[in-house]
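Here subunit A shows up in two complexes: once beside subunit B, once beside subunit C.
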Partner chain A sequence: MSVPILKQGDYLIASIQSELSDADLLKLRDDLVRRVSDFRTKGVIVDVTVLDVMDSFATRTLRAMAHMIMLRGAQTIIVGIQPEVAFSMVQLGLKLEGVETALDLDEGLELLDRRTKRG
Partner chain B sequence: MKKEKTSQPTPESETALRQELVEHFREKRELLRQQWVQQMTAKGLLAGLSQAEIETESITIYDTVIACLETGEYEGAEAYATRMAERGVLRGMTTEQIIGGMLTLRNVYSRSLFEWYQHNMERLSAALDIYEPVANKILSIVALAFVEEREKIVRQQQEAIRELSTPVLQVRDQLLILPIIGVIDTHRARQLTEQLLQTIRTRRAKVVVMDITGVPAVDSKIAGHLVQTVDASKLMGATVIVTGISPEIAQTLVTLGVDIAKMNTVGDLQGGIEVANQFLGYKVVRTEPKAGMDNKEEKV
Partner chain C sequence: MAEEECIPIDSEIDIVTARQRGREMAARLGFSSTELTLIATAISEVARNIVEYASDGEISLSVAAQGDKRGIVVIACDNGPGIPDIKLAMQDGYSTGKSLGLGLPGAKRLMDEFEIVSEVGKGTKITMKKWVQKNGR
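The block that comes next holds the complex of A and B.
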C-alpha cells in the first residue's frame, strides 16, 4: 500500500490511507526525501490520522525522515496523532524530537505558513 | 453440607429425614408463610412494599429455601439473592430489612420443627443437623449479595468522583485550563492525561494551562506523569504551560533531575493565561466597566 503524495502550493502532503508495513514506511520516506526538491518544496505534512499504532520503528523512521527533509531545505510537520497513540507513545518513551506536530491537516498548514514565512 | 460427624443418622436415614423435612415444609407452606409475613410486618420490616410484592417475594423466597434444602444446590438461591440485592438497594431497602427478614424466616422454620418433633428429641436434633447448615448458608448468601451490591455502588461512585476531579475547561478559543487539585496517583494521572488529550482533539486546543497550585507534593513517578502529559499534548499539537509550582515541588523537581527545560512554566494561573493569550495572539484590553453587574443584583 503506497502513500499518495500531493502537491499543494509550496507544500507536499503525504496522506496515509491505511496501516503501513515497515517496507511501506521506508518507501514513503524515500519518496518524500526525493520529491522535496522537485518543486522547490518548503514544507512537508505527513497525515497519520488513520494509524492506530505508532511503534518504535515508525517513530524512528518518521523522525529520521524529518531530519533528512530538513537537510534538503524543507520543514516537516506530522499531523493527526490520535489521543490513544500519543499516550502510548509517551508511555513507551517514543519521542519525535526535533519534529513539529499539529492536531490535523488544517492546523498543520497554518503552522507551516507561519514557519516558512518566518524563515 | 452433609454432616458426617453426627453418629445417629446413617446416610440413608439422613436422606429420608431430609425428604421428610421438605415434605413437612411443603405441607405447611401457606401456614408458615403467613406466619413469616405477619412476624415481619409486626417488626416493621416490610415498610415500603406493596401487598402484591410481599406475596410474590415471600412465595419465591420460601420455595427457594426449600429447594436448597431438598437438592443441596445453591445456584438458584445465589442468583435470586443477587437480583433481590440489585432491586432492594435501588429501592432504598435497608440491610436490616433484608437480614431481619431472613432471620425471621429461619425462626419460623425452626419453631415449626420444634413443634413437630417435640416428643422425639433425637429426631429433632437430627433434623436440626440437616436444617441449620442450610439456613446458615442461605443467610450468608443473602448477606454477601447485599454487601457485594453495596460495594459495586461504592466503586461506581469512586469512579464518578475521579471523573469529576479532573475537569478540563475551555477559557477561550483554542485555550484550555486544567486545574489539578489534590494528590495525584498513577490511576488519576493516567485518567487526567487521557481526558486532556481527548479534550484537545474535540476542542481543537492549541494551548493548555495546567495549574498544579492544589497539588500538595509530587514524587518522581508523578513528575514523570506530568512530563508525559506535556509530551503527549505536544504530539497532538498543543503546548502545555505549567503554573502554580510550589517551592517544595520546584525543589523536588530539580532534585529529581526532571527535564523541565522543555516544560513552559509560569508562576501562577493568571500569568499562565496571560502567556497563553500572547501565544495565541489575543490581547486583553480594559474598557470602561459596565454597570450591568450591579443592576442584576438589585433586580433580584
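The block that comes next holds the complex of A and C.
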C-alpha cells in the first residue's frame, strides 16, 4: 500500500492511509526525499494518525527520513502520533530525536509556516 | 475462549499480520486500547527479530488463564542461529544486526512476563504474557 503524497503550496503532505509494511515505509522515505526537489519544497508533513503501532523500525525509518529531508534543505514535521502509540514508544525507549512533531495536520502546517517563512 | 492462532513469519509482511491478529485476540479478551497497542508493538518487535535473524519462524497466540486472571500468551519460535549471550541481547542498545537494539528489551518492558530460551545453532523461543487488568478500564 503506497502512501499518496500531496502538494499544498510550498509543502508536501504524505498522509498514511493504512498500516504500512517495512517495504512501504522505506518507499515512502525514498519518495519523499526524492520529491523534495520537484517543487522546491520547504516543508514536509507526514501524517501518521492511522498508525496504531510505531515500533523500533518505523521510528528509526521516520527519523532517518526527516534527517535526509533536512539534508535536502527542507523541514519535516510528523503529525498525528496517537496517545497509545506515544505511550508505547516511550515504554520501548524509542525517541524521535531531532524531529519535530505536532498534534495534527493543522498544527503541523502552522508550525511549518513559522519555521519556513520567518527570518 | 480456547482459541489459538499460529502465524508463520517468513517475510516482513507477516510482521503486520502477526501484530494485527494479536491485537484482535487481545481486544476480544478485554484489554484497554493502550494495552492493545503495547501488545501489538511487542509482537511487532519479536516478529521482526525472527525476520532479521532467523529468516523464518512462527508466532503463536493463545489465551492464558490463571485463577480468574485472563491474558494473552505470545510465543515467537524460530530455527535460526540462536542467541549466544541472552544477557547481552537483552541490553538496551545492543544489536548484532542493523536495528536500534531496543526490540527485545523493549518488548519485555511492554509485556508482564517475558521468557527467552535459545540454543546456538538450534533456535530461539520467546514466551511473553500480558494479563488483563481488572480495574484498569
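The rule is simple: the second predicted complex is superposed on the first by the 118 of 119 C-alpha atoms of A that agree within 3 Å, B and C clash if a C-alpha of one lies under 4 Å from a C-alpha of the other, contacts with A are read in each partner's own complex, and residues count from 1 in each chain.
Note that in this section a contact is a pair of C-beta atoms (placed from the backbone, for glycine too) under 8 Å apart; a residue touches a chain by one contact, two chains touch by 3 or more.
The model shown is predicted, which means the values in this text are computed figures rather than measured ones.
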Mind working out whether A:S56 is in touch with subunit B, subunit C, both or neither, as first, second, both or neither? second
Thinking of the overlay built on chain A, is A:R35 touched by subunit B (first), by subunit C (second), by both, or by neither? neither
Mind working out whether A:R115 is in touch with subunit B, subunit C, both or neither, as first, second, both or neither? neither
Between subunit B and subunit C, whom does A:K27 touch in the aligned arrangement: first, second, both, or neither? neither
Looking at the overlay, what does A:H67 touch: subunit B (first), subunit C (second), both, or neither? neither
Is A:E19 touching the first partner subunit B, the second partner subunit C, both, or neither of them? second
A:V79 in the overlay: touching subunit B, subunit C, both, or neither? Say first, second, both or neither. first
In the superposed arrangement, does A:Q91 touch subunit B (first), subunit C (second), both or neither? both
Footprint intersection on subunit A (subunit B / subunit C) at 82-85, 87, 91
The answer for subunit A against subunit C in the complex is residues 19-23, 52-57, 59-60, 82-85, 87-88, 91-94
Partner subunit B, residues of subunit A touching it in the complex: 79, 81-87, 89-91, 95-96, 101-104, 107-108, 111
Touching subunit A in the complex, subunit B uses residues 193-194, 197-198, 200-201, 204, 206, 228-229, 231-238
Help me check something: in the complex, which residues belonging to subunit C touch subunit A? 12-13, 15-16, 19-20, 23, 33-34, 36-38, 40-41, 44-45, 48, 92, 99-100, 102-103, 105-107, 109-110
